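What follows is a single structure, and I will ask about it in a moment.
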Amino acid sequence: MKITLKLYARLAQYLPAGAAENQARIELAEGASVNQVLEQFGLPPAHCHLVLVNGVYVAPSERPQTALRPDDVLAVWPQVAGGGWPGG
Amino acid sequence: MGWAGKILRVDLAKGSCTPEPLNAKWAAEYLGQRGLASKYLATEIDPKVDPLSPANKLIFATGPLTGTAASTGGRYSVITKGPLTGAIACSNSGGYWGPELKNAGWDMIIFEGKAKKPVYLFLEDDRAELVPAGDLWGQTVWATEAAIRAKHQDPQIRVSAIGKAGEMGVMFACIVNDQHRAAGRSGVGAVMGSKNLKAVAVRGSQGVRVRDAKAFFEATTKGKATLAANPVTGQGLTTYGTNILMNVINEVGALPTRNHRDVQFEGARKISAEAMHEKRPTDGKANLVHNQACFGCTIACGRMSQLDKGHFTVVNRPQYWGASGGLEYENAWSLGAAAGIDDLEALTFANFLCNEHGIDPISFGATLGAAMELYDMGVITTKETGGIELKFGSAQALATLVELTGKAEGFGKELGLGSKRLCAKYGHPELSMSVKGQEFPAYDSRGIQGMGLTYATSNRGACHLRSYTVASEVLGTPVKTDPLATEGKAALVKAFQDATAAVDSSGLCVFTTFGWTLDDIAPQIDAALPGGWTTQRLLDVGERVWNLERQFNLAAGLTAKDDTLPKRLLTEPAKTGPAKGKVNELGKMLPEYYELRGWSKDGVPNKDTLKRLGL
Amino acid sequence: MKAVILGAGPAGVTAAETIRAHNPKARITLVGDEPHPPYGRMAIPYLLSGRIDEAGTHLRADPDHYRNLGITLKTGRALGLDAKARTLALEKGELAYDALLIATGAKPVKPKIKGLNLPGVHHCWTLADARAIAALARKGEPVVLMGAGFIGTIILEALALRGVSLTVVEQADRMVPRMMDAKAGALLKRWCQAQGVKVLTGTSIAGVEKGPKGLAVTLSTGKTIPAALLVVAAGVAPNIGFLKGSGVKAKQGLLVDAHLETSLPGIFAAGDVAQGLDFTTGALAVNAIQPGAVAQGRLAGLNMAGERVADRGQLAMNVLDTLGLVSASFGAWDGVDGGWRSAALDRDNFRYTRLEFLGDRLVGANLVGIGPHVGMVRGLIETGTRLGAWAKTLKRDPNRLPEAYVATLAGRRD
Amino acid sequence: MQRSLMIEPVKCTGCKQCEMACSMTHEGVFNPARSRIRVFEFHAEARFVPYTCTQCAQAWCQQACPVEAISVDAATGAKVVKEARCVGCKVCTIACPFGTVNYVRATGKVAKCDLCGGDPACAKACPTQAITYVDSDWTGLERMRAWAAKATATA
């Protein structure tokens, strides 16, 4: 099955070759878990702070048993924040 | 000690500048800056005054840590009754101006009345002088700063000024210092313009003392180490700035797009921090040049950007070829997604012009988005716009209108009304995406429920800087909560509101709270000030400030009915993303919030609450 | 090697130290004509104003400094010179030398005006003068100062700080006419008057007589004013009288080449007595200023020690504190042919900045009410740094010079 | 090995922590106007340049002083102002071609960087290592000294 993997900020360096604009279509075995993908691409677990499947947060404890489905979007960020415009 | 102990009262009508001692009792209760100046304002003006009348006052205030080596200790606020909202306004700015005021020996400046002719205040240590500003009237913020520095022959003078927008009463005009740092929201610049006050120029050489220099050094050094070790304040914000959020908020389905018609923007990535780092195909250079810190800041989230000289916005306009303040998340959103525009260079240009002319990019972009929806509906046509095709996604319209709005010319004058008045004028008040007349920032409360309550209850109208529950609901700081749930959000909002009010009163930047709690801040304040400052005392200050602001607004005529959201967010479900099918469930959160605050069902603070807080 | 240095001011002392640094074996004799350890004339006004004591004027703080360096101090006055025999005649005895430095400095000029020999008329030049002035310049006493040139204006401050009732008489149309332009001079005058000092420009002293307060000073206007003390600061002339007939060539001062050597081999000159290369004009000029004297002393010392080092010329420059108003001038402050200027004047706040350029290079400056980093002016002038686009910026706002300096000279290190 | 301040403007964010550390160390107050190091801002270039004395070998300031109020700290190589001897004549301020000796009205004396006796507060306070205190070899000090010599001199 294919899913979309999106890696942002400093994690972009872990995207496969040929990826553009922070994302890549990747081929996975049916039923692969979130954690399997993170491991497959060598993402350091400590840096996988915000892990979203189709925009929904997956807590670290759920990542091993959360199975991905075809065309899911898995997006990952290190710890980030913004919030805004400190002029306001 | 922390406080300079002295404030300057400027009667613009009389042309007098009078020093007076800082009210020490109030300082002990309200700390400084936002809290303390709000106390002065609430005590000194009738809350019912017309914000743009001479009876309103305009206060520039620093906090006790402003001008010290505490990380981010470089802030000041402008406090007044806001014209956009009719509520108390407090807009916070960084850069170098606030510390300069403190270094000149002043905690705050209170402007009263209205000058007969345009003036600016020149303050050099103890010397205060109102200088005729007829030649500066009509000038941009940037030109004003250069002219004042040249006139007084001191390039180190710091200037806080309005552009033509403030002079002309653009309802979201702001006050800009150091090229691109602004007391941005609620139209404080229009109040300044209504007083015929062009600028406040400051030069200080007296310095800031703290109660216990050794303890202060230890506390601030520890604080800096904590920020440096934190992945957000030590690396994330430093490297990517706030606009790292663009893709995050889009992914969670809370990026307001095309005047909140949509909650996800297909062009989000093109205007994100990641894109700012990439080389442009046109000239091979990145939009982002460097990061910049405000005074004392060890985070340095500020962006410095440089445009592609060949871009249509600046071709043949070399005055915009240098680096200047780049896109923060809110601005990238408001100038971009809110109007459906994905041209990073055009957004950066618009951002430059917002700073140059002194308008709030959030309210400007959101108002442009609302106008585009009216255009899309056929309510506004090229007849009204003077030929401008106001289509969603038009970078050309953005570039043209940011300049017209900054100069309050043509259709820019209409946009200068702000979305509430503009939409009402064209018969569609429901299309103004605002609370109490102030436009939303960059989070759709259908996808982040707590932000709905944040916006509805914010004392200065819709605002993310009063309680940033996004930190918890999306970013997992300090703990992750479910953005689509309403349970527990009332308590979360109250906690964020009180803590933020305390930080805003200290002279520090609220961004430190990504790495610090009040437990990190209290020792720094305690070392700077006499009287013993603990986390609990700061929380008390925060709650006191919040209730003081609330009391002001109630006295100004606002009621619980104003604690609400536009119909669209309460009734039109999100179309895509995780929040698809959801509306904001404010009704589930608001009563609980009132109760937690110790307020009546009508949102009025109970007697016990007021007594407990010494109000 | 026998090195004799005549004159124990900054140039002489620096030369002696420089020779020692390059030649451990040289026999170095430093001859002064006053009975004190070498002191800085620059410090005398501060002695007068009470900020320092006499020890505070000493060029070197350590009393054993010269002994530790093996420099022989000698008090004496030179009478003449035998260049062939390489001997210097003193009032008491002779000194033989292999290399001689003449660093005898200058002495104040006494104009030919009636009454300047009366008691109560003093120059302000030596420590002895300072003592005499201090005795007369008491709080509230009327004091007249003749001359508001650079030295006069420094003395002005010292006198004013002593609380005397001071009148300054300057025959030129403005204060410090050889250092400042008319605008700057006018600012200084108005500032001094605001501090309670009477400044009469375009006025001269016609004569002095005894008077009820001690002296009566008659001005060119015909008016006569009382004075307990008249201080004469009407210019200086190099101390070269003893060289008459020696063969050392002189005009305004002793003419020296790029190696600070006079027309006679082995005889060098430095400091206020020397007419050396001027950085700005390329001509020979007497630049009687402290840093120039030191630089020439150092160069002369090097050349006397056998290091052939050439002078690129001394930049004329001065800094002045007039009762709290600090001003400075550098190089071609009055402009050069084909050049251009950028100026900013704020009369109310006593600020004036005038920069003179040739092309995109800075060549001179007049500054009143100066900000920080004033030395950068020297740096830019002496390096001849091309300012490029910054020249345009400075044309709009001359006070951005420190930024221009850092951007063009210092900021490009990485 | 003598050490000196290495300044790398490309790392500077303009936060002025160095100025505050300097003024607090020397004056007991946070006051950038009294700092001996100053960060220059070049906004249009997004460039910030900390700037202070290079402790140049020529020691223009020391040479120009008429009363030996500036001396060399043997341990650090810093040219140090002895306040007790300084008369405030300001000759050093015009003599220093780097413009890094400044007159301080409040004290009537001049002030300049003294390397804090070998433990510079500015370097410790810099959050981005734009200012570091390193072996002189690393700073290009010799290059700078060569520049100083060429720049101004007389040599």
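Letters A, B, C and D name the chains as they come in the text, with residue numbers starting at 1 for each one.
Assume a residue touches a chain if its C-beta (ideal position, glycine included) is under 8 Å from a C-beta of that chain, and two chains touch if they have at least 3 such contacts.
As the structure is a computational prediction, the values presented were derived from the model and not from experiment.
Peer 1: I want to compare two interfaces, B-D and A-B. Which one has more contacting C-beta pairs?
Peer 2: Between B-D and A-B, the larger count of C-beta pairs in contact belongs to A-B.
Peer 1: Kindly work out which chain lies most centrally, taking the average of its C-alpha atoms as its position.
Peer 2: D
Peer 1: If you average the CA atoms of subunit B and of subunit D, how far apart do the two points sit, in angstrom?
Peer 2: 38
Peer 1: How many angstrom lie between the centres of subunit A and subunit B, each centre taken as the mean Cα position?
Peer 2: The answer is 32 Å.
Peer 1: Would you mind pulling out the distance in Å between where the CA atoms of subunit B average out and where those of subunit C do?
Peer 2: From the centre of subunit B to the centre of subunit C is 57 Å.
Peer 1: How big is the gap, in whole Å, between where the Cα atoms of subunit A centre and where those of subunit C centre?
Peer 2: 74
Peer 1: Subunit D: which residues touch two or more other chains?
Peer 2: Counting only residues that touch two or more other chains, subunit D contributes 47.
Peer 1: Using the touch definition from the top, which residues of subunit A touch two or more other chains?
Peer 2: none
Peer 1: Going by the contact rule already set, what residues in subunit B reach two or more other chains?
Peer 2: 294
Peer 1: Does the chain-touch network form a line, ring, star, complete graph or other?
Peer 2: Basically it's none of the tidy shapes, so other.
Peer 1: Tell me, which pairs of chains are in touch?
Peer 2: Final set of chain pairs in contact is A-B, B-C, B-D, C-D.
Peer 1: What part of subunit B is in contact with subunit C in the complex they form?
Peer 2: 146, 149-156
Peer 1: Okay, in this complex, where on subunit C does subunit B touch?
Peer 2: 344, 346, 349, 351, 353, 369, 371, 396-397, 399-400, 402-403
Peer 1: For the complex, which residues does subunit B have touching subunit A?
Peer 2: Going through subunit B, the ones touching subunit A are 91-94, 181-185, 231-232, 235-237, 239-245, 247-248, 251-253, 269, 273-274, 294, 301, 328-331, 360-362, 441-442, 463-465, 468, 470-471, 474-477, 480, 482-483, 509-511, 514, 577-578.
Peer 1: With touch defined as at the start, can you tell me which subunit C residues reach subunit D in the complex?
Peer 2: 10, 14, 40-43, 46, 51-52, 56-61, 290-291, 294-295, 298-299, 309, 311-312, 317-319, 321, 324, 326, 328, 330, 372-379, 382-383, 402-403, 405-407, 409-411, 413-414
Peer 1: Show me the residue ranges of subunit D that touch subunit B in the complex, using the header's touch definition.
Peer 2: 13-17, 20-21, 23-24, 27-34, 43-48, 125, 127-128
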